[in-house]
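Each of the next two complexes has chain A plus one other chain: chain B in the first, chain C in the second.
Let's look at the complex of A and B:
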């Protein structure tokens, strides 16, 4: 199972990166591969390439503000969640994201 | 995946659109505030800084309008919204006017895109839309709507609100500060926090600096209190929380309330009331003492840039932090020692 995610919050200093690190930690613990792009105050970092997007099974979108370059993800099976939800209940969110794909 | 175009999908998450706007004006506001202070320097350098500051100030509302519309309808809505945002700025409609214009423009453009896509999809449509329909029709329509219909009531409304906020009795000011302060701490950088902070930004663009200061003070208190609490009562926090405490102290330099989240996740029913009480009291004290801030930057940075009385400003922080730390000390249990 390969996951991709984008995190983004209004100020782009805290929630964005906290949600990203929580995703990485939890995915690793659950044994999934994940790549997380952050759209914070410094712009797009750890950018998801077209190959990443192509290969991914699930796209977790945690954008509290408008996504930058959203057209990249038009074809993705998307699971939407807030950054604060990812910080608080990351495992639940990942499980739900995968379940929503199989449903 | 095709989305079905029902009404809920069409209007989507309006909060997200507003937050996008706020997220893009914050850097503009920071430029405005920094250069306003540097503009006090006598001589040519000061003059340059003053020009930069006023330019940034004039951009605040247009950028807000542009990015709200951008969030709603994408790239096509950006240019007309930027222009109409400048119109609202010139008409003196303030933050609220720019916000309303951005929302209307975003949905007008989105509607045009949906409708034209249904009538005649294809390349010709794309060209027609991006070169003629949206730039001319949307801009003219929303521009006139703003000028003839919205400007009057918005200016009257904001004037009334401004007069009320300018002449707040002390008890009302303290009450307002208490509510805003508690909102700031409640979800630590989340949506409720942002509502209070956005209110402060709006107040600041109207020069209501006595409404802004309590909010800014409330922002820094939670992280500072939790950071200090991990230092003076280390037994109440585990290994992870000690790390988080150091991060919190660092984040307090910039006034990022989010630094409190790791503590609240672990122990919400003790941590959240404790930090809410601190922020609330700190904000009330600021209102009571008449502390003001000309910037919208929290923490020690904002204090040096914009506080009218640094000692009182600091005092409000210290009292709030003391209350939060005190409550944390009383409420939190010691972490069981692991073998």
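Let's look at the complex of A and C:
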């Protein structure tokens, strides 16, 4: 199971990075491979490549503000969640994302 | 900017005694102001509260991360409080014991200050860091821990 995610938040200082960190930690614990792109005050970091996007089974979109370069993800089955939900209930969000997109 | 320039030990307040959210925010912001990090305490408080009104920054792990990027900030900074008694964050959520007030100045060029703050944000989901916060005897202990994490 390959997961990709993008996180972003209004000020781009805290939630973006907390959510990314929380996703990586939780996915690892659950035994999933994940790559997380952050779109915060530091700009786009850990950019998802077209290969990453193509190979991904699940795309978790945690963007509290407009996604940058959104067209890259046009073909993705997308699960949307807020960054704060992701930080507070990360395991539940990942499980739900997988369940909803495989259904 | 280095971690120590951003998170000075004088802005880490352990066992702060407050009764509500407003008092906690005021005390932390005043500490930043006294250490010369703000142009306007009032302007800063207005922006912090504005961000808080969009969505509560209570992270439900006993940690809240109020934050702001605005003209009222002279030097990018992090102030932190460990509260003697946890307080209600006035959002219907769980009680808050640790408050990290993050301030980014639009005057700071480059990205090092943002890198430091993003690393601190990452640490806030680590149980080992939260456990250190609960027992730390001084600000330097906390700063050293973050320093080591950043060096990894």
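The rule we apply is simple: the second predicted complex is superposed on the first by the 103 of 103 C-alpha atoms of A that agree within 3 Å, B and C clash if a C-alpha of one lies under 4 Å from a C-alpha of the other, contacts with A are read in each partner's own complex, and residues count from 1 in each chain.
Here, a contact is a pair of C-beta atoms (placed from the backbone, for glycine too) under 8 Å apart; a residue touches a chain by one contact, two chains touch by 3 or more.
All values derive from a computational prediction rather than experimental measurement.
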item: Superposed partners chain B and chain C on chain A - clash or fit; value: clash
item: Touching partner for A:66 - first (chain B), second (chain C), both, neither; value: first
item: Partner chain in contact with A:88 - chain B first, chain C second, else both or neither; value: both
item: Touched partner set for A:14, first chain B, second chain C, both or neither; value: both
item: Partner chain in contact with A:42 - chain B first, chain C second, else both or neither; value: second
item: Chain A residues contacted in one complex by chain B, in the other by chain C; value: 10-11, 13-15, 18, 41, 64, 84, 87-88
item: List of chain C residues in touch with chain A within their complex; value: 51, 54-55, 57, 59-61, 65, 67-69, 102, 104, 111, 114-115, 117-119, 121-122, 124-125
item: Chain A partner contacts - residues on chain B that touch it in the complex; value: 1, 16-17, 19-20, 22-23, 26-27, 67, 70-71, 74, 187, 189-190, 194, 251, 254, 256, 258-259, 261, 265
item: In the complex with chain B, residue positions of chain A that touch it; value: 9-15, 18, 41, 63-66, 70, 77-78, 84, 87-88
item: List of chain A residues in touch with chain C within their complex; value: 10-11, 13-18, 20-22, 25, 38, 40-42, 64, 84, 87-88
